[in-house]
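Scrolling down, you'll hit the structures one after another.
Two complexes come next, and they have one chain in common, chain A, joined by chain B in the first and chain C in the second.
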Partner chain A sequence: MNPPVLSVRGLTTRFHNRAGAVTVVDGVSFDLARGEVIGLVGESGSGKSMTGFSLIGLIDAPGRIEAGSSVKLEGRELIGLPDRDLRHLRGRRISMVFQDPMMTLNPVLTIGEQMRLVLAAHGRIDRASARARSAEVLGRVGIPDPTARLDAYPHQFSGGMRQRVAIAIAILNRPAVIVADEPTTALDVSIQAQILAEMRRLVAEDGTAMIWISHDLATVSSIADRLCVMYAGRIVEHGPATEVLGAPRHPYTRGLLDSLPSQSEPGADLRQIPGATPSLAALPPGCPFEPRCGRADPVCTTRPEDVEAPPRGWRCHHPLGETAA
Partner chain B sequence: MTGYVLGRLAQAAVVMLVMSALVFLGVYAIGNPIDVLISPDATQDIRAAAIAAYGLDKPLWEQYFTFLGRILSGDLGRSFVYGMPVSELLLGRLPATLELTLTAIVGATIVGVPLGIYAGWRPHTTFSKLLMGFSILGFSVPTFWIGLVLIFVFAVELGWLPAGGRGATLHLFGADWSFLTVDGLKHMFLPALNLSLFKFAMMIRLARSGTRETMGTDTVKFARAAGLSEWTVLSRHVLRLISIPIVTVFGLELGATLAFAVVTETIFSWPGLGKLVIESITALDRPVMVAYLVIVSFVFIGINLAVDLSYAALDPRLRKGGGR
Partner chain C sequence: MTAQLAHPTRDTATDFVRLDRVTKIFAPEVPLTRRIAGLFGAEIDLRILRAVDAVDLTIARGEALGLVGESGCGKSTLGRVLAGIHRADEGTVEIDGAAVADRDGRKLTTRVQTVFQDPFASLDPRMRIGETIAEGPIAHGLVRRREAAATVADWLRRVGLDPAFAKSFPHQFSGGQRQRVAIARALAMKPDVIVCDEPVASLDVSIQAQIVNLFLKLRRDLGLTLLFISHDLGVVRHLCDRVAIMYLGRIVEVGPAAAIWRNPRHPYTRALLDSVPKLRLAGAPTPVIPISGELPSPLSPPKGCHFHPRCPIAVERCRTVRPPLVRTVDGRDVACHLADAPTPAPL
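For the complex of A and B:
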């Protein structure tokens, strides 16, 4: 097997304040192969976005990626890299698409200028070449009449078109990895499907690997090859998407699946996971899901170990599908 | 865009008209100029003749239209005190105020905005904290006191810079300018510094708060995620995003300072508009007061118009007819 394009080991990010440290990303590890799409799923506050920002080295103080974490991009260790070198990798080898295209694009600069700045950040380029390259990429993401649209401002685009522009900016320098942080969440459902299909096509054409962060299992399942389910900053279950969704081992994954509206009878109440995401500042000592879990027993007050059963893995004392009970 | 500009010009003309009426009525309310013009022991005949000569026997509306007609033809009357046309008098003083004010405000903006952006970008450094402490000082210490301290330190004790006057001037475009000679610049330095301190403090705070707000937005995160350097993020993205409030305050302060640089001009005996007006008020020189008010409102309206038009240049969302 080829070496992974992105290899994450024990990634831990903490926010330090007067009250102490809050761990928002807790020992996250995974490998991403070339052209592979990994879905990072979990509820709000599970640390999935923070994992994304940690990968590209954009954690603002008082947040800090802790020693012992390792993120290797194309074999190169990113943790501990000087800001300058890290900046040259951002947007060139690894880039990011955000949730809300209304907020990400600068409203007072033309699309062409914003794209030119991104190109110019990674090497000298004259205006004419920058325009040509930008128009080419805008065309690839499905913007009609791309050359003329370079002189337009973000407010002259619809939401879906704006997200296409943001995606164009992310793939402008042909990165090896794209971190997509809920890129369809802020869009209309019909537009979501278009963007999803567009991104799937783009990464397949370029062989770009992608980390698709989402709380929406339905969209993730249609794009991801593998899934990592996050809870309280940890990956609690991972494996090939079809297997994880078809036969979840962790009760939390089961709970997420059950809360999908399509899993309930029409008219019946939606099944919810009882309780709420725990405060990261006050996690239970054992399994963080224990207070909300129907299968919890006294063992669950101790921290569960990683169980690795390639291609799958989970962190649970009482995984589903193991005993008949 | 042309329609928008024409509309704004029409609005400005209406405001100007209203202002002229207010100024006229305000000055009319102050009292009868005849009491000032002729001696109290003049005969009734002389008095009546003077009133007729100045048109003060006509109805108020007719006086107003005469006044308006004269202004429009550029005739602002004659100063009682100087005995020369007011327009000449004001135009002779305007360059002094103009160069002092522009130097102070442009200087405060060019230095203050980058410092403010730095303080917003790295809010926890010692330099940023010192800067913010200094800006509070700039806000709260009265101008006249700073002016006196500046004179005391730099003119009296150290003797580096002159304490007052314009110094040598150079004639250009029909007016005398101090900023074109070294001596003039020396004379201008202290009053300009005095005038700029408050604006400098304001620009720092304005730029800082705008930058702090902008740094947390997705726009900046997205730009960073695309690998833009901090310099590019600040100079291309942040500066453009925070420019509207800065331009607004720049315009307001420019107008206000042009009109009311009185304190500084008095302290440094800078022969500008402010000083002229104070003299006119003490001497009850009504034509000068009226002309001054008209010119000040004209300047304010002009600056506001320029600020409004620059919004459209700064923020494409405000441009009319720029739909999708």
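For the complex of A and C:
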């Protein structure tokens, strides 16, 4: 197998305040191959977005990526890289798509100007070529009449079209990796279906690798090759998407799946996970899922080790069997 | 425009809640100077938004009706008209034969209550939740002040919260717990009908399951009549007996949930259901053929059937004539000229 485009080892991000440190990303490790889509799933506060932000170095004080973390992009270590060098890579080799496209778009610049700036930031390019390249990419993400739309401002686009523009900006410099944080969550299902189809086509055509962060298991399963399920800042289970969803090893993954309406008969009570996600400031000492877990016993008050059984892996003292219901 | 609408057959047993050709229009305020100019013959840009366009809808007592559609289709506006928050510009809204609002739009009844999407915005941050729950019933004389504490405790228990929470403030609660408080507040008014506007949309999957289960339990315990507005088709399928699908202010299809999921008759319903990502437990992702194009501006909706520019089977008549909502052979109401054409095999 080719060396991964992105290799993450022991990524740990903490927020420091007077009361102490809160660990929001806790020892996250994974490899991303060229053209691969990894889905990062979890609920609010699971650390999935913070993992995405940490990867592209968007953690500001009081947050800190801790020593010992490693993020290698195309073989190059990003952690500890000076801002200037990091800026040179962002938008060129690794780029991000946010849930709200207005996080990317400047409301007072035309789309064409913003795209030109992105191109000019990473190489000398004249206006005519920048325009031609921008129009080409807008066309690829499904914006009708792209050349004319270059002169429009963000407010003249619908929400779905704005997200397409944000995606166009992300792929403009043909990055090796795109981090997409809930890119379709704010969109209607019909627009979401369009964007999912476009993104699948784009990564297949360009061989771009992608990290797709979402709370929606169904959406993720329709685009990701592999899944990492996060809980309380940790990856509790990972593996090929269909295997993780078809036969989860971690009780939390099972619980999430079971709570979906599509997994119950209409009108029947949904199987619910008791309790609520724990506060990151007051995690139980062992497995963070222990207080909500039906399989927990005294050993679960100690921290479970990573079990690696390629292509899968999990962190659980009492993993579910292959045929568990 | 409304005259051409055929009346679906009405069954008096099933129309506990009855919306009759309800229209809600939003028009921009025309500045005085423009109006004066108008008197002298200047053209005034009178772009009006027909958010709800001659909608007929009924809900039986004890029934949960799901109202689905994409952003801007008018589903929340319709819910607010039913709740008496917005005045209908045309048409009538009745619950058990009594109007919910008078001619001036003043709400006449406490028989319909609303649960809103955002439990962070819908609860007063400076009121203890016990006061929030008791405020309405006391103001309307449904409970006496000295009985209020007992009533609050009772409702908190019913929505799965500890009665001791009555003394707490909203910021002490999680999103799921706040939504339980909002539900308790609505229930404390002893309404006949509850309008739920995206009540689970802002909640995490595991919390969403808890709230869906709470609605199921309350329906069983109290025989609630629900209008459940949501863009989450999975939740609607799970919770609702019947479903109405809205597109640009109009109902395009309404019928039993099971029948609609088995065999959607309106092309928009079919496309909408096809757009929902399916949980993939094996094999490669199923290719979804998305609906082409985007939702047209509701300020200038297409003529005829609003859906015709995006419809794969549209014919000439669809471009000019609004299809009426008519009862089809299998007991469903569909607003499509081609609804009785042979349909593709069930999915």
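Please note the rule applied: the second predicted complex is superposed on the first by the 318 of 325 C-alpha atoms of A that agree within 3 Å, B and C clash if a C-alpha of one lies under 4 Å from a C-alpha of the other, contacts with A are read in each partner's own complex, and residues count from 1 in each chain.
Throughout what follows, a residue touches a chain if its C-beta (ideal position, glycine included) is under 8 Å from a C-beta of that chain, and two chains touch if they have at least 3 such contacts.
What you are looking at is a predicted structure, and each value in this text was computed from that prediction instead of being measured.
Considered on the superposed chain A, chain B and chain C are sterically compatible, since they fit side by side. By the touch criterion stated above, A:A218 is placed in contact with chain C alone, chain B being left untouched.
When the two complexes are overlaid on their common chain A, residue A:G91 makes contact with chain B while staying clear of chain C. By the document's definition of touching, of the two partners only chain B reaches A:A166; chain C does not.
When the two complexes are overlaid on their common chain A, residue A:G255 makes contact with chain C while staying clear of chain B. By the touch criterion defined above, A:S158 reaches both chain B and chain C. Of the two partner chains placed around the shared chain by superposition, neither chain B nor chain C is touched by A:D31. In the superposition on chain A, contact of A:V118 is made with chain B only, not with chain C. Once the two complexes are overlaid on the shared chain, A:M103 sits against chain B while remaining clear of chain C. Here the smallest spacing between CA atoms of chain B and those of chain C, following superposition, is 9 Å.
Counting contacts by the rule stated earlier, residues 158 of chain A appear in both its interface with chain B and its interface with chain C. Within the complex formed with chain C, the chain A residues making contact are 43-44, 158-161, 188-194, 196-197, 200, 215-219, 221-223, 241-242, 245-246, 255-257, 259-264, 266-267, 269-273, 276-277.
Only residues 56, 58, 87-92, 95-96, 98-100, 103-110, 113, 117-118, 120-122, 153, 155-158, 166, 169-170, 172-173 of chain A touch chain B when the two sit together in their complex. Looking at the complex, you find that chain C touches chain A at residues 70-71, 174, 176, 204-210, 212-213, 216-217, 231, 233-235, 237-239, 257-258, 271-272, 274-283, 285-288, 290-291, 294-295. Chain contact summary for the complex, chain B toward chain A: residues 217-219, 221-229, 232, 236-237, 240-241, 314-317, 322-324.
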